[in-house]
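Can you keep this structure in mind? I'll have questions shortly.
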Amino acid sequence: MLRVSHLSCSRGNKPLFADVSFELQAGQVLHLEGDNGVGKTSLLRIVCGLSPADAGEVCWHGQTIQQNASQFRASLFYLGHGLSLKEELSALENLISDAAVSGRALSEPQALVALARMGLRGREHLPLRVMSQGQKRRTALARLLASQAPFWVLDEPFVALDAKAVDGLRSLLGEHVAHGGMVLLTSHQPVALTVASGASVQVQTYRLRGVA
Amino acid sequence: MSGGAFMAVLRRDLLLAMRRKSEVLTAVFFFVVVAALFPLGIGPELNTLRLVAPGVLWVGALLSSMLALQRLFEADYRDGTLEQMALSPTPMPLLISAKLLAHWLVSGVPLVLLAPVLGLQFDLSADALMTLTLGLLLGTPVLSLVGGIGAALTLGVRGGGVLLSLLVLPLFIPVLVFGAGAVEAQASGLGAEAHLSILMAMLLPAAFFSPLACAAALRIALE
Amino acid sequence: MKSINWFHYAAPQNFYGLAGRMWPGFAVLATAFMLAGLWLGFAVAPSDFQQGEGYRIIFVHVPVSWMSMVVYLAMAFWSVLGLTFNTRLSGMMTRALAPTGALFAFLSLWTGALWGKPMWGTWWVWDARLTSELILFFLYLGYIALTSAIDDTRRSDRAGALIAIVGAINVPIIYFSVKWWNTLHQGASVSLTKGSSMAEVMLWGMLLMALAFWFYTVALVLYRVRTLILQRESHATWVHQLDEVKP
């Protein structure tokens, strides 16, 4: 369970946002909305523990993420603006080495299943260099699929995806929360998730306002 | 699991270096060029060359290391891989030490292997060549370790390359003094044991503390 | 001492006032000690048997060399504090110290050269201490270059703190290796009168000058930190209420 209390943040001596608080339980999705430049990416990075906040704290299962660091990181998957993929490696090599670096076991068959699910069957052994932007994005999402981490923090995950991939991601997110996972994401489009049965998933929103 | 993460980072960096050969070869080429140009600049007098050889070769190795340091964390920083390492449950210093080891294997070891060959151009004796090679074997890891801190601090900063060189230059000087000094001591009959021991004494603490400092510097860069 | 709450002054707003009250006093002390030291050094101390009047440059060279090391240690001290307690003021103090320290290192090199020229006939000599001083100067330049190149204040302070600490740890190593290198090559050495012990008045003169430079540093650093505080806290309400800022 994630609890964010009274976070404030500034960038380059200018205050961005102040006194942000929200909670996220298992099985919930939080869509972080806000204008460009208000600090959505900064907030996500603070939640992950990459950037420090000026004030406030982020708690995971009752302890701050600094106290609880290794357990928190083991439960977290962050997808930022950078794809976190190596261009010279193939999609398969990327997934396997990424899993190992994050301390997760991922066998080759499992990785191939994840890539196939994201529509990359037949392209697993190509170096990322020769793929299109959309295919690279889908490889990044295959990483997500293979991670099995309960808490997903996604920064603009729908960017550069075609309609079919968008649907795929929507159902992926829906399934994840149906199985008890948590998702915190930003997106400029409205987020409507579905599960396999067709029922829609409730998505909470939080509108981030900047400091005047 | 931590051992697995260490090996994964090491394997990945070595694989990437093999597929991006041009970057690796640039730094090594630089070392060769420095060693080849100096005799042309100084003159073919063997006695002079033998005198300046330790200094010239060591400075060449130093400059080559400085060049290679720039790409230590750069690519990982740009494509987001560094963030994933920061978010891994495995302690970041452990992952960074894997990167530093890979960096040394790719940029430092070639210098160690080339040095005896280049040393022949300067008419160094077999013993001197041995001392030179041993010194580089002990010293180049220190350069990678200590230089890594500078590379981490200057990630994505304006004027990166020159700034990096300015930051690491004072830190490299002890390695230069004892490395080149070892060869000179050997040549003058005093024996190089003391110098080489001191290089070893620099290597061990550096191997322990540098990954910690690098991880701290990288987290600062990622903030 | 116990009654002063040190963390109270860690807040820039409170330190601003304290520094404002303190720096003029230090400036006066600096002037007084400088006059006393110069008088001792140039008027009272006898001329040297071997080096004549030229040796008097040591009354600047030695104190300034000492100070260049002391200031670097101070920078390292504030850096450790800053990284441990995460206070903004520590970064400002380190940044305020750096230019003065760099100036002292530069002066040390120049006065060393001026002193060496009549003795050795060259402007530069690879003396162990001068060489270490040169490297210290590079350490200062490195800190200043790094902190200037990074735009984000917090990252700049923290990166600077780290390099200052790494540099401080390396200073003894660098000094030791340069000394080794110098003795091995039996290089020239710039030193005070060999053979005879230094006259007491010379020591006093150098001490007074060192204290003068120290007070000067404190006064200047306090003044600089005030400016830095104003720059960085410019969006805070207390700044807008200050007399010096109100239109």
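In this document, chain identifiers A, B and C correspond to the written order of the chains, with residue numbering beginning at 1 in each.
To be clear about the criterion, contacts are C-beta pairs under 8 Å (C-beta built on N, C-alpha and C of every residue); 3 or more make two chains touch, one makes a residue touch a chain.
In this text the structure is predicted, and so the values were computed from the model without any measurement.
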Distance-to-centre winner among chains (Cα means, whole assembly as reference): B
Reference chain C; chain at largest CA-centroid distance: A
Pair sharing more residue contacts (C-beta pairs) when A-C is set against B-C: B-C
Rounded Å distance, chain A centre to chain B centre (Cα mean): 37
Euclidean distance of C-alpha centroids - chain A vs chain C, Å: 49
Chain B and chain C, separation of their C-alpha mean positions in angstrom: 32
Overlap residues in chain A, where contacts from two or more other chains coincide: 52
Interface hub residues of chain B, defined as touching at least two other chains: 223
Contacts with 2+ other chains: residues of chain C: 152, 154
Touching residues (chain side chain C, partner chain B) in the complex: 135-136, 138-139, 141-142, 145-146, 149-150, 152, 154-155, 158-159, 162-163, 166-167, 170, 173-174, 176-178, 180-181, 184
Chain A - residues contacting chain C, complex: 11-15, 52
Chain C residues touching chain A - in the complex, by the definition given at the top: 151-154, 232, 234-235
Of chain B, residues touching chain A in the complex: 1-2, 4-5, 7-9, 11-12, 15-16, 19-20, 78-81, 83-90, 95, 222-223
Complex interface listing, chain B residues touching chain C: 149-150, 153-154, 157-159, 163, 166-167, 169-171, 173-174, 177-178, 181, 184-185, 202, 213, 216-217, 220-221, 223
